[in-house]
Amino acid sequence: MNLYPFAAEMLQILIILAIAPAFVGWVRMLKCWLQGRTTAGLFQPYRDLMKLFAKDVILAENASWIFRFTPYIVFGTATLAGGIIPMLSVDLPLAASADAIVLVALFAIARFFTSLAGMDIGTAFGGMGSSREMTIASLAEPAMLMAIFTVSLAAGSTSLSQIVQVVFSGQSVLRPSLAFAFLAFVLVSLAETGRIPVDNPTTHLELTMIHEAMLLEYSGRHLALFEWAGMMKLTLFMALGAVLFFPWGIGTGSIIASGLAFVFLLLKLAAAGIVLVLIETGLAKMRLFRLTEFLGSAFLMATLGMLSFFILE
Amino acid sequence: MNIAPIELAGAAVILLLGSAVLAMFLSRFQHLLVAVSFSLASVASLVALVAGAWTVSSNIANQAVMAIGLPDLPFHLRLDPLAGFFLTIVGGLSFFVSIYSLGYVKGIIAQRPVTRLVVFYALFLAGMFMVILADDALFFLVAWEVMAAASYFLVLFEDEHLENRRAAFLYMVVAHVGAIAILLSFGVMAGLVTGFEGFHGYTFDAMRQAEYTPAWATAAFLLSFFGFAAKAGVIPLHVWLPEAHPVAPSNVSALMSGVMLKTAIYGIVRVTFDLIHVFPWWWGALVLMLGLISAVLGVLFALMQNDLKRLLAYSSVENIGIVLIGIGLAMIFTSFQLPLLAALALTAGLYHALNHAMFKGLLFMGAGGVLHAAHERNMEKMGGLIHMLPWTSGLFLVGCVSISGLPPFNGFVSEWLTFQAFLLSPSLPSPLMKLLIPMGAALLALTAALSAACFVKAFGVTFLGQWRGQHAPQIHEVNWPMKLGMIMAAVCCLFLGILPTLVIDWMDSVPEHLVGSKISTTAGAFGWMWLTPVARERASYSGPMVFFVILAVIVIAYLILHVKKGSIKRVPLWDCGFEKVTQRMQYTSTSFAMPLRRIFGFFFSIRERVKLDPQAAHRAFPGKMHYALRIRDRFWGWIYKPLVDASFLMSRLVGKLQQGRIQTYLIYSFVTIIFLLMVTR
Amino acid sequence: MNLHIAAQINSFLAALVLLTAFGMLVQKRVYGLIHLFAWQGFFLSLNTAIVGFVADRHHLYISSVLTLSLKVFLLPYILHVLIHRLKIRKEVETIVNIPTTMMIGIALVIFSYHLTAPVRELSNLVTRSTIAVALATVMLGLLMMITRKHAVTQIIGFLALENGLFFAATSATYGMPLVVELGVALDVLIAAFIFGIFFFHINRTFDSLDVEQMARLKEGD
């Protein structure tokens, strides 16, 4: 039995766990530079996490088991998602256990439980966050799936490894369907990972926060798990975009290829961070009800991608 | 020992009819009555379940003829894989619900005699089993009426409320309009078999072998589809469903939503794939379109509800829509001679029918538990029940996760299969269909996402937070039979989600019979862990892997974090520096749904009224505020109200004939006789 | 350049034209609209040049340059000046809300795909698959004229419609004869001038460029 795929799988999960905070640190650093502030350094998120893990947990009196269980399940789904996306190698054992649709559903589980946790304490903020999160998600998810469907129609498969191989070895360079799907994916990623213009990850202003509102009551290791999972989610979405649309350099089996893939992954993530910061700096946060237009455009892009797959290709 | 499955199924029906008769004698000993007859019902359901599952797995068809019924028109029974599959669904959920009822109905005894409930419950189950077993039009319609009438009386069980009587009446009307359409459809088919001479065309066997001209086939299909769609609650024929399902006792609601709607799905599949079996593509397109509309609108309506059971009822409309999407796709693929894809789509649809029975049954049982414990159906007044009902809340959560289509539970598997069927539509020959059908997948995705929002609301508002009412009542956990019924349904949800390959392998004889192809050879090609519906390169899903990896990560994270025993401090709620946070400040069901209500508002007729107290010193400091919100289904105003008004007008006109004088009536009779004599001269 | 790559570039540019058409449909700001219109002209002229190169039709180069100068520079400039003079600052008002407009737009694309299917079967040109996009661009231009209230957006819709026609000519038959194209270009230019004058008049008469105001001209109110 060839043990190499399992080793690659473990390695990939560990790498994602390890570099996610650094990626967030990188994004924050870029943002500071663009706004003319001094940075806290690339490793500040690690320090934050360590501090939170060391702290005691403070729970509200009426918190139920859902509240305590949710951080673990959010972290668990993020870790599994990290094992599914073929970043270092295309033949990962876990990649076959879940395709692109399952991946979307995994993030949906995390969101489902986070929203429940937001309502568990019974404050107005938690409920508000949950309500808004589910609203945005129910508009973002069709667009996300449409983008994925476009890619999988073009590749003839919903399996991520297969998509990567087909897109990588594809003859055509300029595929309008993929370009549209990519645009849609960028818009949806902003919504799914709670970035500006959909949500502001740094705000704690009562009326503008969405994701943070649900986590308001968390502390200690629970909050650390949430933060870590959130960092992984951001990194994973960027990596997913890189893997689906720019699959250069993903290894096919050997250790050297995987090493090379790792270097490529870092470069792609660095570039993705720059794009993300440019978008975030250039835009302002939208009103909640303007988001229908934003997510509608994402859906439109994805649909145009699917149409141009049939019309133009 | 030689027993055919059909004999087992027949025994189950007889057992149920027997228990209905027995119940009349036991009506003086209510506790004994409940114990005996629900035990009998659960045994009968188990027997039916075994018969159904056995038929499907051994891929056989048994037939029987009973010499009862009308002279010269004996009743025909047949148990083939399709009937077996639905018998399994009905038997399975009835088994869980009957056990649940042992505990649930006991709670009702204190308030009112339950003999009626027990008798009609048994008749209802027997009716459903007979519908599935029937192999001729006559027996089918008799069984269909038994089922409809029994469920009518069950809806009417708490008949002191006007609301319940109205709901039951509406249900009765729609059920009968539907039954007439089904009757006409069978009439058309039976007539065509014999050329409208003689009656021997009434058996399904004769209909199966006949060839229909396209026009007559279409007429028969449209009539039967209308009839079955009315029973299944397909939009726009759904209005009775959210009225009737919530007012029935919860165990009955579970059966009505979970399995009675499935008998209508059974009817659609039976008539199209089995009896008519050659059809043009647009039938499938019609079914697909109505399925999509029902799915999206059903879940949107569900999101707007504040009554827990009404929410669940609307969500049944949504899930029936999803089942119809699978069936519609299967019809389109069949008409273009793509049997493998048709098998995939049909499996997806039927799998969802099975899943829906399990999780909707579970959810209604859970809602029954809440109702039983808190005596409240309005979510706006509930909250925080998770502390008082740990079992019910946990099991209800399983149902919520399953119905929201989240892995590793069962709802996800069938939705995933439906998505795969959608994504295979580019192999259709027509370019326009290639383009349009994947758009349907977007609507299905929207439905799935909205149903997650809907069930976050249902669970979050009911069980989480704090009690929203004035006085928190004394609430106790439900009794053991109720727990047991729910636990079994929840285990089924998990099983169907984690081991879809085994289930698909089992149920593959159904598509094999109907569309002539099966998917288990490819779906299970890589062992029981991997579901690969078409090919490994195309798509794969492994329920067990997803489940165990998430579980492993959770356990590892938990253990690592608990090596160093960090303390957990319980403190009062943080109030953001604001004094006196009360439970009235929580988000309610209405406020949770507000953003979606605003975004999708054009689907509803919404009347929102805010009135400030005029006595306030200044507009900025109102003392009191009155808020009224009314959300209505637009279909009522569009379709039903004109019909109701027209029928009122008609009856008023006809009513003028009523003079009250005996002579006038005699003249009517006299004129009629003269007229008839002239015509039939 | 081989034919395969040319066809790909052609369809990619077609996709971009479609994207700009949709962009104009949902764009709320007037300046944004003009920029999008200029981009559409740019993609169109690029596409024309490439088709000219592939099909070896040299008059298409002239059309391309004409499109570039007229639709990318001159007309947007005129519109800019107009808007500046008329002091239009507000966002463009739409009659139908934007998500609905998008859905109608998608339906129109599907419809035009269905409509052009026979042409696609008969044609053997490299550009045959873009005919549907061209027709869709025409329809989207028309849709934009219907859903917008403002006179300036209506002329942009009209110009986008004309872009679609031009695109259709290029992709269906490798372009119209040069004389016809010159004539059309001149017509468009003159139309733009006439519209400009027309705007000033509407603005002076009604103090607004909202074309709904013109309902006041109806008799017997």
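Just so it is clear, A, B and C label the chains in written order, and each chain counts residues from 1 on its own.
One rule holds in what follows: a residue touches a chain if its C-beta (ideal position, glycine included) is under 8 Å from a C-beta of that chain, and two chains touch if they have at least 3 such contacts.
Being a predicted model, the structure only gives us computed values, none of them experimental.
Ranked by separation of Cα centres from chain B, the top chain is C.
Across A-B and B-C, it is A-B that has more C-beta pairs touching. The centroid of the Cα atoms in chain A and the matching centroid in chain B are 36 Å apart. With each centre defined as the average position of its C-alpha atoms, the distance from chain B to chain C rounds to 50 Å. Among the residues of chain A, those in touch with two or more other chains are 292, 299, 303, 307, 310-311. In chain C, the positions touching at least two other chains are 110, 113.
Multi-chain contact residues of chain B (touching two or more other chains): 431, 435.
Within the complex, the chain B residues that touch chain C are 431-432, 435-436. Those residues of chain C lying in contact with chain B across their complex are 110, 113-114, 117. Against chain A, the residues of chain B that register as touching in their complex are 383-384, 386-387, 397, 401, 404-407, 412, 416, 419-420, 422-423, 426, 431, 434-435, 438-439, 441-443, 445-446, 448-450, 452-453, 456-457, 459-461, 464-466, 530, 536-542, 545-546, 549-551, 553-554, 557-558, 561, 566-576, 581, 583, 585-587, 591-596, 598-599.
Against chain C, the residues of chain A that register as touching in their complex are 172-176, 179-180, 292-293, 296-297, 299-300, 303-304, 307-308, 310-313. Chain contact summary for the complex, chain A toward chain B: residues 53, 55-62, 64-66, 72-73, 75-77, 79-80, 83, 94, 96-99, 101-102, 105-106, 108-109, 111-112, 115-116, 118-128, 130-132, 134-135, 137-142, 144-146, 149, 152-153, 156-159, 162, 206, 216-217, 220-221, 225, 288-289, 292, 299, 303, 306-307, 310-311.
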